[in-house]
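In what follows, structures are represented as structure tokens.
Both complexes below contain subunit A, partnered by subunit B and then by subunit C.
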Partner chain A sequence: MTTLNVNVHHVTRVEGHGSIVVDVKNGEIKECRFEVVEAPRFFEAFVRGRPYSELSHITSRICGICAVGHATASLEATEKAMGVQLTEQATLLRKLMFHGEIIDSHILHTYYLVAPDFLGAGSVIPLIETHRDAVLLALRVKKLSGDLCAIIGGRHTHPCALTVGGFTHTPGERELREIQARLVDARADMDASVDLFASLPWPEFERETEYVSLHKDDEYAFIGGTVVTSDGFSYPIEDYKQVTNEECVPFSTAKWTHHNRDAYMVGALARLNNNHDQLHPRAQAAAAKLGLRPIVTNPFLNSAAQVVEMVHCVEDSIRIIDELLSRGVQPEAPAPFKVEATEAVGSCDVPRGILFHHYVYDEDGICTRANCIIPTNQNMANLNADMKVLLPQILDRPQDEVRHLLEMLVRAYDPCISCSAHCLKVEFV
Partner chain B sequence: MNKRLAVIGLGNPLRGDDGVGPWVIAELTRQGLPPGVTAYDGGTAGLDLLRLLDSWEQVIIVDAGRVGQEPGQFVRFTPDQARWSETRDTLSLHNMGLSEVLALARALERPLPAIVIFGMQPGDTDWGERFSPAVQAALPTLVRAIREEIGE
Partner chain C sequence: MDNGKPKVAFFDFACCEGCQLTVIDSLQTHLDLLDAIEIVQFREAMSEKGENYQIAFIEGSCTRQEDEERLHKIRDQADIVVALGACAHLGGINALKNLHPLEDVRKWVYGDKAAWYDTYPARPIGAVIEVDAFIPGCPIDREEFVRVVKALLLGTKPPIPDYPVCVECKLKENVCLFDLGKICLGPVTRAGCNAICPSYGAACEGCRGLIPNPNENAMKDVLAKAGLTVEEIMSRFTMFNTYQLQERMAEEE
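Then we have the complex of A and B:
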């Protein structure tokens, strides 16, 4: 009879700290869970008492990977609260910058975190010797997406040009043309990425669940819209709590969420499942090549869905820049708004899935209450449900293989468990 | 932008003493810098640090670090004086720090600028925007040391 004891503290190549705990005695599963030992907390404490103008800048510091996502969701909430109507140009620039961050996050996750699992490497460093072209491709795309964010946001990691009502800085037409030319060139890198990831032996595993994402009638949704689920539900963003139903669980500092079932999934795969038909035709072709035909129920394929979204974002960025250039890009003052006692919810579908920011403002525009629900927390219950189904299917395999598959499953969700401190750890020679 | 010398502050200002780097950048900017010197808040730039390093001839990095000192004490060192604690198999790249970025740059044989690092031992890096008393008290000394390094 199988006896396994897998205890992975701090899964490598996952942002922040999380642990896999598996205890199997004589074929009987005693413990099987992914626990979070540290999670973003005190969100409310950071923003309470702060003026509306500071919130997007504070929240963009929560995470170095989703800085644009947090800033955009924050502005969505504040702008809804203050009755802001963004100009068409500002709306296009927000979308373009968001695409930049989706590409930025997905290229890092797929190439530097997921690919090593398939290519027999413990990390990206040994890949430099065996798959140098792939490592360089990822760096090239990462530089492109970083530059795309930087020309719009004024600075890459934590954008400073985003402000309530629009932007404090407008990219020049020449900058836009240059970045567009590089996006066109990046098509070759996207094609190569689709070929590479289509060739990987994805683990065979299926578990049907509910997929939750934003949806818009006129485009593949990343910013605003309505909240939809693959079980046929639809809610205005304001009613997000009807979807999230947060609850505390004893072994995790992250709150778990559930809707129509015990758990639901958010992220690239959820978006692809719900909004596949709105993907750019090239991205739909990529999805077909990667074997992604909705509804896709293999959670490992979340990483493949990220490849599809990169293709989409490259194509849609090229289109948006065309639109900006044909309209003519002009410096614009932020749209007018009225500061009053009010509350609102903003939502974006950031790289890891749907994100909610909910603010209450007093009459001076000071935030008095806030709530933030991040994608990783929403995926926790689903990830644990996956583990409980996967483990019995692989119990007969060697312990190292079991551990590796469970780690791969965790990484497929691309969890951002904690936006951690970035202390150096140094010994001197 | 002048490409000669940049002071880059790294860290998360929402994580207590981890915010030393960005704080120093804000302070240097407030005080003013000599011509040819840029102060850049790198935040939690991760792999984008590689991109940033490419842009300068000389870089001074300010970061919180476990440098074997008491909280608030700092060490000035160059990358070749340090043995970074990363290993090949546990490298966490998703939100990489300086050591991982330098390891990647070396493995890729990318040219790097001359780098000097000021690592300040943190006291508390839990969520919060306040520095621990020891770090708070040491900030002016750190800023002076960086100004000396700039050559003022």
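Then we have the complex of A and C:
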């Protein structure tokens, strides 16, 4: 009978600290779970007392990878609370910068963190020798996405120029044209990426679950819209708690969530499952090539869905820049607003899935309560459910292979553990 | 096998890992760094794990007892310890929680389950172990990281400026944000970021820490002209420098 003891303390090539614990005695599974052991950071507690103008700058520091996503969700909340109406130009620039972050995060995950598993390496570094073209492609696209964010916000990690009402800086038309030319060139890199990832031997595993994402009627949703699930539910963003139902679990500094089932999944695969028809035609073609026909129920393919989203964001960025240039890009002051006692919820579908920021402000615009619900937390229950179904199917394999597959499963979720342990408030309002 | 290259390891504590991400991004333009050093441990980016290293870069703040044990272990192994970014260098954004009573902070976030989660006030790593060099910023500046690595390899002092952000801002010919009615911490904050925030129209938030000898009188004049008090600007300084301000207050008492 099988006896396995897998204890991966601090899984590598993920953002933050998490551990896999598996204990099998005589074929019976005693323990099988993913623990988040990241140090809690208590953002919701310490943003209390800070002025509205600082909130997006403080909360972007929850995560170095999805800093633009946190800043944008934070501004969505604050701007909704203060009744800000963004200009068309500012709205386009927010979307463009968000696309930059999606590409940046997905290229990091697919090439630097996931690809080594398939190419027999422990990291991207040995691949510089063995798969130099792929590494150079990744470096090139990573630089492009970082530069795209930088011309708009100053930098990708912790953007400077995002502010309530718009931006404190406007990119020049020449900068936009130059970056657009590089995006057009990147089509070849996208095609090569689709070919590469379509050729990988993805682990075979299916487990149907509920997929949760934002949805908009007129575009593939990343910023705002409504919350939808593949089980047919739909909620306004304000009702997010009906979806998330957070709870503490003793072995994790990340809280867990559930909705219609015991668990649900968020992220690129959930978005693709819910909003596939709104992807750019080139991205839909990429999805077909990668074998992604909704509903896709293999969680390992979340990384493949990220490749599809990179294609979409490259194409949509080219389109947005066309639109900006045809309108003419003008320096703009942030849109006006009135500070008053108020509250609101903002939501974005960031690289790892749907994210909520909920703030209450007093009459001076000082934050008195805050709640942030992070994609990685929402995926924790689902990841654990996957592990429990996957493990019995692979029990007869050597222990090293079991460990490796479980690590790959964790990595497929692209967990952002720093985010997850940014710390969430239990009771709100 | 020893290839003669200095062995380098990266570690992280309470942080967002944005500084390590910046290190990864520095490879876009400085892939040849890997010809000069061997990275033996970098959990965010690689599975290989070597415990034999001479230089340790540490991102993040110390916020729990178990962090101290890990920090001492790293200090025992490494010849050179470098604090990477504001969380390790200053305590940074994590230290904002030190402004609230600890029990309140834990209960606020985890409710009646607060006892499950260990934490204490956030500190820079220099409060726990001896630190040989630091790279300031939230996040670090990519080019400055490369400059510091070069200096460490040459055995020279890392070139971290001790003049204020204003110097770099003036060289870039930016319009002073005070003239635009904004409040900027540039006059007393350590330069080296190429004044990136003011260059993008945003006020300096002080993420690189106070310069060693801030010209407080000149700063007071600037603030007075802007109609501000020292207290008002100090409250802004808490965003990244709460730990330093609280230490200073404790010393004065």
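One rule holds in what follows: the second predicted complex is superposed on the first by the 415 of 429 C-alpha atoms of A that agree within 3 Å, B and C clash if a C-alpha of one lies under 4 Å from a C-alpha of the other, contacts with A are read in each partner's own complex, and residues count from 1 in each chain.
Just so we're on the same page, a contact is a pair of C-beta atoms (placed from the backbone, for glycine too) under 8 Å apart; a residue touches a chain by one contact, two chains touch by 3 or more.
What you are looking at is a predicted structure, and each value in this text was computed from that prediction instead of being measured.
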Touching partner for A:L391 - first (subunit B), second (subunit C), both, neither: neither
First (subunit B), second (subunit C), both or neither touched by A:F46: both
Dominant toucher of subunit A (residue count), subunit B or subunit C: C
Touched partner set for A:I62, first subunit B, second subunit C, both or neither: both
Subunit B versus subunit C as contact partner of A:V124, first or second or both or neither: both
Contacts of A:H109 with subunit B and subunit C, given as first, second, both or neither: first
Partner chain in contact with A:L139 - subunit B first, subunit C second, else both or neither: both
Which superposed partner A:L269 touches (first subunit B, second subunit C, both, neither): neither
Touching partner for A:G153 - first (subunit B), second (subunit C), both, neither: second
On subunit A, positions contacted by subunit B and by subunit C: 12-16, 40-42, 45-46, 58, 61-65, 67, 108, 112-113, 122-125, 128, 139, 142-143, 146, 155, 157-158, 423-427
Contact footprint of subunit B on subunit A as seen in their complex: 12-16, 40-42, 45-46, 58, 61-65, 67, 108-109, 112-113, 122-126, 128, 135-136, 139, 142-143, 146, 155-158, 416, 419-429
In the complex, subunit C residues that touch subunit A: 12-22, 24-25, 27-29, 31, 34, 39, 42-49, 60, 63-64, 67, 92-94, 96-97, 99-100, 104-106, 108-113, 116-117, 119, 138-139, 196-197, 199-202, 205, 239
Of subunit B, residues touching subunit A in the complex: 10-16, 18, 41-48, 50-51, 63-68, 75, 77, 81-85, 88-95, 97-99, 103-104, 107-108, 117, 119, 122, 125, 127-129
Residues of subunit A defined as touching subunit C within the complex: 10, 12-17, 38-42, 44-50, 54, 57-58, 61-65, 67, 108, 112-113, 116, 122-125, 128, 139-140, 142-143, 146, 153-155, 157-158, 160-161, 163, 167-169, 248, 250, 253, 418, 423-427
